[in-house]
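The chains carry the letters A, B, C and D, assigned in the order they are written, with residues numbered from 1 in each.
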């Protein structure tokens, strides 16, 4: 299983995740889906941190700590996002981003 | 001198809108003090000594080498005198103002503070700061108290001038940066010898920037519109003093700091100036609005100023500065008399007016005097100025000089046409009932005329003063 | 020299007093007629006395070669140094006296003429202004000072011509006069500018007239330089002395009150041009080219104006044209003298005599006009002009003098000029001169005869000639308050007195020739009497008179100018050689129509339009960019990512 | 460890707790809440003032306290306090939410305070998120017609994405340097700038900061949020959070010192684009707050000028301008709050006749706007000129020229506002009554804007010292 002993593998994985997340953010119309895509981006970042930490960081714990932090932050973010989404739903009776088109120009 | 308008301003802020007389009185006193100081400086200036006198200096920002550094020399002493006279008469002229009096005088005084500052500053930063202070109140003054098409005019004027500053800032900073002295002090910067490229670029930027305010062709279109829209005193200040800021700045900053750049662009300057002179009179011929006419005459006269600067000779500069002074007074006279007539008749269309010498002989006498002065009749200050400028020009740029001189004919035609249609012929019955200028309101105009004639008869008093500065100035270049 | 010098002081007073009175009247007393009058009179009498006293004090002391110059620096710039001072030599002294005298006489005369006019005080103020500037012009020591007074004279004439400003024609004429003379003055000014440099190169600052002449005499100035300057300066002369083609302003200038016409537009101001030539005679003389140009132009002027004079019906117009022609005549004399290497005497002499009799003629005309409220001498004749004794006699004297009949002044001066012309290799000039004299005599006596021998009232000729416009055409608003005492009394004394004085001058001046010459040139040439020329001259004059008699005088005459035979010509003359039309066209089409319109258009559309275009395009681009901010957040995000990617790529490339 | 070092943060933490308890009350008492808030705000100002001269390091060097950070903390505290002063009535926020409003205002302040003095990637990230999330919540807190939630969700999305991107970038930085301390990372930047991964990391990392500063292309949230959020919130975003963002960028730049040529060039381009775009679009705006949003985008460009010079003078100018911007922008927003008593979005036309309705407000409006436009004698003019000066001495001629021209463009729309407020009139708009404290606030602001404009020496010296401590 040499593949798993290479930094590149994880970097590419993270990159793919990042790309998927970005694509999701740009392409999906449902707020929930967009939120999930954002989470993907964050996870991509965490994977990077872990990978780097695992392969070439002097201090073993740093990456994991960071990842933990990111999880926490992501959780908070999700909570806030959801609450706002609920508010959106209340106001617009929809969670389709394309219905939020009041502000322009 | 800087302080007195500020003081007046402060006091005005405290006053109530209702106490109109008090407001006027205060602003008049403020103006009077500054006039007095200006005269004092002009007289007390030691010509034999020359150089910079009455210097005040105070470090403001050491890190960037900004300092409050003012002084008086032969170049700006006349300008100070001019400003003093014009503001004083201006305040008197606007004595009858009723609407939003307080604000008006506040802004006027603010403007004047700026003007004094520009003329006296020897620190580029403060120079520019005061420059802007002088320019900006214009917008409000025109917009609130102005007349025809004021929104358009005010916006146009302000943006135009600000665009000018858009050129000035890089120019100034370029010199600042290139000197590497980390100081804005002009006297210090004058010592530096900038590389030719810097000089050319900086001079061009500064010339264009300040040229806008000096109504150099083709950046003049704001000035007639602005004059027309502005209320009387503002037109007086604006055409009389502010436009001089431009030319003065070209002299004091651009030419002073980058002589090589000046020599490189002198041709262009002369060309633009000449075009301005000829162009101004011809366009003025076709105008029917009194203020437009005057506006274009200013364009032409400012052209003469620039022409004088472009020659870069002692005569030219003497004439040019003298012309700044003379034209300032003259235009102030123009506008104040026109303003008086307009306030009565509410028209400035020269065909509608007519025979005013019959209705209000004094008022029209004022205007006619100004017009003759504009036509360059001897015995008036401006004659000498133009004489000097033209002689100097023919020597340096023969073609431009001859063209400019030839324009004088049209200039005469131009002035007389207006005078004839407005003040001669049979009076328009509509205006027969208007009474003439009251002695009190006549006073400021009389002062202006007196100034014109005095310096027309004793030009040496002025030229001698200017010379003290011009000769070293040119040696420095 | 300091101003403590008595001569300087007196000269200064001569110049300053009228100015003072002008200022005082204009500022303070312009509502109080009597007071203003007294001020102005005092301020013109004292200079008169001073001038004559100077004349007596110095008339032996000074010569053309070594005049008295007394001056202080007026303006000292770098290359430009303007002295203010006085140059006293025979020429200026004499002229000083003439000007002072005539000005004084005119002021006396005007008491009657302008009486009761609303602008009485203003009139006297302007007269004083004129007096001051004319006197300083005459006595100026430097060219620039001379130029300044020259301009001021123009200003005064502008004010005086347009005196009745309610009248459109008057103000128009004033404007015309000012602008047209300005037109010439520009040339003058340019000439001075060049002269400044040429003199500067000789490091003689200040353009002292004496220095210039000295430089010209000693040929310090090259031929080309002299020619250039002389020609340019002559433009000024042509403007002021109404030489072809810019003579058009002078006839119109008759719109002014008649005393003004007498003072400015015949005796003094218009003579200033000729005077300038005499001042700078050495300069002009030094350039043959310039002088021949002058000769040609002046000849044209002479003929043109006298032919027009033949058909004019307005008495002042006739005198005006005769003035123009006489000025041309003087210029001819001077140029001929210069070319013939002779002296300036002839022209200058004619200048003095002409000043006397032309002023006389105008004042008489003034009397008639004032009396009959019209300018048309046919009308005067029908209304019994001959009944006014004093003016009738004096006008005849003046006419004789003008026609150049012995023993009147004109005879001698014309003789002198003829002599100069005679000396020219080309006899054409003298021929033309004689022809001019003939014409002069003719139109002069046309007037006289018509006035003297009116036809019976039922005579058919009146149908053509007796057209009396209501309100008169001479001096509009003015004569309304004077129609009251038409005919009911003779001529007011104040008006008669100057006539007599001038008439006396016209009679006696002729016999002062040698004295004057001696005074002017220091020595008088023995006159070899050229009888042929004498005969020719007198003959031409007499034949002119005779023809006039046939056409207008004799009972048989049917009041038709011989020119009537050639209608084309007559019309041509009546239309004043179409000069006015030409200038009018020039002004309307070229100045207003072309330049002014084009520039204005350019200003509106191109310059201003350009600016506005910039502004609008800015706003437009703002509106355009605002579409970037779509309502769809995802598009914005996309854009964001794309830009980010772009920057990333740029960096990767740029590394 | 010295408590004083961490004083401000602790204090605001306490304040947050207080507000938290206030939220728990059964029946809301807005007045009382407001008074408490004012008191706390004032206290905070004092505390930060006292801690101004602290310096030291905390949390394993992850957290650095120096004059630089303290100045900005003071600025934040000032912003916080100023915003509180105009919260005396919160018509747009439900009474029972007002305590929460204060709570989140406090937390975001804390976040920013952490932000300005954190020198470690993770800390920066957490602090950034803390400040942002509170704002995410504050924006839709407004009661209204749905544009608030829309603004909120857009803000959240753009914010989340850019912070995600930043995080991703940070991970690369971490990878490339093996450390999370700026002090270790930034010295390595020069060679990083040559390695694609580091470059990418750097770029992506900057995204987050640019988002806060609303630099092009991360500006899209600004107009919507400015318009959508309650006026007070907008005020806070427009003033305090900008200062924080500038501080952070400055810290990066200052420690960084050499990004390499192409990188600065990219920054130059971005700054030019953002100021031009901001100014141009602002011209056509009708809604005053939206207009100010675009002007803030333009100003982001100006800030960048100071930062990308990478020289002391530039940093000084940037600090000065950040402080100036805080004050002058607040002046304008204060006027908005006073004019729109009911907390509505202010159309420019609605300023009509302000000179009659309340001369003082119109005066402050003019002063504030002229300051923003960079017209002397104002703090804004001086700041702008200092920025240009520093840029010019680095030879960015065109940047300065464009900047100056942009100044003209911006003047156009500021003048339009002044025109409406000063020269048009609408008879059916009554006079505006302003309470005494606000009146004095006005005087104070005008005095500051003009006074420090003419005598900027103090501030400049302070900024200089601050930069010295960090260099």
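Just so it is clear, a contact is a pair of C-beta atoms (placed from the backbone, for glycine too) under 8 Å apart; a residue touches a chain by one contact, two chains touch by 3 or more.
All values derive from a computational prediction rather than experimental measurement.
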| item | value |
| --- | --- |
| Chain closest to the middle [Cα centroid of all protein chains] | B |
| Chain of greatest Cα-centre distance to subunit D | C |
| Subunit A and subunit D: spacing of chain centres that average the CA atoms, whole Å | 27 |
| Distance from the mean Cα position of subunit D to that of subunit B, given in whole angstrom | 42 |
| CA centroid of subunit B to CA centroid of subunit C, Å | 37 |
| Mean-CA-position distance for subunit B and subunit A (Å) | 65 |
| Residues of subunit A touching at least two other chains | 22, 25, 97, 100-103, 105 |
| Residues of subunit D touching at least two other chains | 153-154, 157, 161, 165, 223, 284, 412 |
| For subunit B, residues that touch 2 or more chains besides their own | 159 |
| Chain-to-chain touches, reported pairwise for every pair that qualifies | A-C, A-D, B-C, B-D, C-D |
| Residues of subunit C defined as touching subunit B within the complex | 26, 30, 73-80, 144, 147-149, 151-152, 155, 158, 162, 165-168, 170-172, 174-175, 178-179, 182-183, 186, 189-190, 193-194, 196-197, 591-592, 595-597, 599-600, 603, 607-608, 611, 615 |
| Interfacial residue positions of subunit A with respect to subunit D in the complex | 11, 14, 18, 21-22, 25, 31, 34-35, 38, 41-42, 44-46, 48-49, 51-53, 56-58, 62-63, 65-66, 69-70, 73, 76-77, 80-81, 83-85, 87-88, 90-92, 97, 100-103, 105 |
| Of all residues in subunit A, those that touch subunit C in their complex | 22, 25-27, 29, 97-98, 100-105 |
| Complex contact set, residues of subunit D against subunit B | 313, 316, 355, 366, 370, 375-377, 381, 385-386, 388-389, 392-393, 395, 397, 400-401, 404-405, 407-408, 411-412, 415, 418-419, 422-423, 454-457, 460-461, 464 |
| Residue numbers on subunit C that touch subunit A, as the complex places them | 626-627, 629-634, 637-638, 641 |
